[in-house]
Amino acid sequence: MSREPLDPGASDAAAARRCRIGWGLALLVALIVPWLLPDQGYSLRVACLVLLFATLAQAWNIAAGLSGLISLGHAGFFGAGAYVSTLLLIHYGISPWFGMIAALVFGGLLAALLSLPTLRLRGHYFALATLAFGEVMRVIGNSWSDVTGGPVGLSVPFAQPSFGGLQFASLRSYYFLFLIALIITCLVFERIRGGALGLRLRALKNHPDAAASLGVDTTRAKFTVAVISGAITAVVGVLYAQFMFFFDPDTVFSLAGISVRAALIAIIGGMGAVAGPLIGAVLIIPIEELSNMLFSATAAGLSQLVFGALLIAVVIWQPRGLLALFRRLGGRK
Amino acid sequence: MSALLEVRGLRKRFGGLIATDDVSFDVAPGEIVGLIGPNGAGKTTIFNQLCGLIRPDAGSIVFDGTSLAGMSAHRICRVGVVKTFQNVASFGDMTVLENATVGGLARVGLAEARERAHAAIARVGLAGREEVMAADLSLPEKARLELARALATQPRMMLLDEAMATLTPQEQREIVGLVRELRDEGITFLVIEHHMKTIMAMCERILVLNFGQLIASGTPAEVSRDPKVVSAYLGTSVQEAGDA
Amino acid sequence: MELIQALVNGLLIGGVYAVISIGLTLVFGVMSIINFAQAEFLMLGMFIAFFCWQYLGLDPMIGALVAFVVVFALGMLVERGLIERVIGAPDVAQIFLTVGLLIVLENAALLAFGSDYRSVRVPYQTQAVQFAGLIIGVPYLLAFVVSLVAGVLLWAFMRFTWLGQAMRATAQDSAAALSLGMDVRRIRQIAFGLGVAMTALGGAVILPYFTASPTVGAQFVVLMFTAVVLGGLGNVLGAVIGGLAVGVIQTLSTLVLPIQLQNLVLFIVFILVLALRPEGLLRQK
């Protein structure tokens, strides 16, 4: 049975053009949408969240989709970024733009540290270790009150809207900022996937021993994507903090709300492909928000239930995610 | 002429099982040496120690003056020793070109790796199949892909681990021809193969392994007459001995 | 004396943790799958026992038996319908199948039962026995005893019955088991059913001193995994020792640490063991 190449563009010029047109259209839609929605409206807010979580899922996708490093603890980097940036702002008045750089470095360092003991663990064990990492961060966030403010959480100091302070009066500004972040993350993903590192990763996913025998430094390859993934996730945490103005450890280090959600979005959309997290986010976030709004807290569990079932269905019947389904429907073999 | 590969006192045990028991041998540059022995004799274990996938418990492995002991597999590849795997190890969801490019990346950057991949693919006779998914190749094509991948790493020595296990005799002859040509171009070969006729025909020297120990070494003719070798094989199925 | 009291309390709770963890390790041992949804079956066990108490007036210890049977059947269904489909599939499929199951079970419970906390009232709830200067709460003692009995029965089952030995064989080498004519799929089905049923039983017996809610699973995830990892994933005896150890670590750390940090100690133990000795502190399998 012929397996679909991961990069259809490589083998079919017409398909490549269709791909580019598709992306062009998506970009166009993304640029127009904020102007069609009322500026301070709830729907624009949801759109911002879609972009934010798409970026988060893409960051997760870089590690999991490209090299099979299944992390259940990305919330650890996410929350770390939020705290680092916000604390720098609160205590030293440092602009969140620099906060993002600090978060990038800190997230990368955390990922590097975490990689040392965990990279040689097999799939399930690795997932378990990352889960523990995320939860450790959450517990630290809750108990190290002197630094993190404890379970009460942190508020981002409200200031005059300014670019330098990364606070905007208009939701549209946030939207475009997040869009740029998403585009950059997607470009990072594609750059890795299309380059030498991407080839090495695919090789080691297929058969690690054969890859090693052919000269692939498997540890170094995995380490690299782990660090990149962690660093970007931390930056997304900063954006989240600046957007929400308030966060607490249980939210920002949440296993279900951040770690699993990132993975869920990427997997349902289509893991390992750059479009996957986008499709997943566009589908999942609005539905979640809608059901939160329409139903009571208990009944809102319905959307979660559906997504859980969808995750199971995807994993069993359509491992390449909805993206593969769309491709099939779109007539591409 | 000094040996390209010098193995001395190689030892490996797994729990209670001694897989490699004080094995020593040399391989001279440009040789095609065969490694035979009944199932479970420990041939693949030796290969895995030579190419760095398994760490030996004791002994030395010296390749062209460089000690390989304790080196990781990817570094050993860069030193010039590469092992091929059986058909199931091809990177199935990658194209032929991508498979070979991975090998090229062992030494050079992406662009040049692709060039070397193209050359290696052509050398093994797979030209024109670059864009085919490895999983879609026929069995003899997969065997050639294994060689192409390894060739792209610009090896000095290739360890062929049952490279021809699933091939017809005609297909095997073609691979043997290819191996001889590559040897003439400067690559040394160490080969594990179960098809007796093939390995006896292709190798100038044979090492015989049984229960982890080297029990005989010599030309194919010498080795097939050696009573120790015959009894080692008669200890296994009559079928296999009949292959010889 | 306070130390010994804490130690005893720790062992009592640990006994229950042991039973809860046995299930998780049994599933991994036979199928090489980490069931991330395991704690949700604990929650199910709790609710089943709760409803047995509420509508049938059954003591939770009896309810535990009901929970065991019901969850066993449910577990077999889940294995047959879902888990079996990802045996041999890539890690990501196996991991997220059970993660998806976790999400489904928790939210289904939320929808069905609401988010209220439920507790039982039993006559012995506040009773305690005195022994050698130690005070032992009756609910804790009962839970421990029932867990002990369940554990011993399981051990006997694994050791002396054909099916139990078949499971151990499959855990060691499923290919060999298959070639010996064992119906490996059936064995997996039963192993999974048993595994989640044990955890459900553990959830039921702690009902007298623990409140039930759809989200209760989260509190036990770390405990379970730490116990299992300590003893070595797949090692049933290890899970028992791990469970006891976790109970003791937990109660001992309350003596010195504020309550939020209790779990931190466990987490750190957990990560350290995973990092340094993934096969567990007990040698061999």
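The letters A, B and C name the chains in turn, as written, and every chain counts its residues from 1.
What we mean here is this: contacts are C-beta pairs under 8 Å (C-beta built on N, C-alpha and C of every residue); 3 or more make two chains touch, one makes a residue touch a chain.
Just so it is clear, the structure is predicted and the values come from calculations on it, not from any experiment.
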Ask   = If you take the chains that touch subunit A and keep only those that also touch subunit B, what is left?
value = none
Ask   = Which one of the chains is farthest from subunit A, going by Cα centres?
value = B
Query = Roughly how far is subunit A from subunit B, going centre to centre by Cα mean, in whole Å?
reply = 43
Inquiry  = From the mean C-alpha coordinate of subunit A to that of subunit C, what's the distance rounded to whole Å?
reply    = 32
Ask   = How far is the middle of subunit B from the middle of subunit C, if each middle is the mean of its Cα atoms, in Å?
value = 48
Ask   = Can you list the residues of subunit B that touch 2 or more other chains?
value = none
Subunit A: positions in contact with at least two other chains = none
Note = Within their complex, subunit B touches subunit A through residues 51-53, 72-74, 77-78, 82-85, 89-95, 98-99, 101-103, 105-107, 109-110, 113, 131, 133, 135-136, 149-150, 152-153
Task = Going by the contact rule at the top, pick out the subunit A residues touching subunit B in the complex.
result = 2-3, 5-6, 10-11, 195-196, 199-200, 202-203, 206-207, 209-218
Residues of subunit C that touch subunit A when the two form their complex = 28, 32-34, 36, 82, 85-86, 89-97, 99-104, 106-108, 110-111, 114-115, 218, 222, 225, 229, 233, 258, 260-261, 263-264, 267-268, 270-271, 274-276, 278
Request  = Under the touch definition given earlier, write down the residues of subunit A that touch subunit C in their complex.
outcome  = 64, 68, 70, 72, 117-118, 121-125, 127-129, 131-133, 135-136, 139-140, 142-143, 255-256, 260, 263-264, 267, 271, 297-299, 301-302, 304-305, 307-312, 315-316, 319
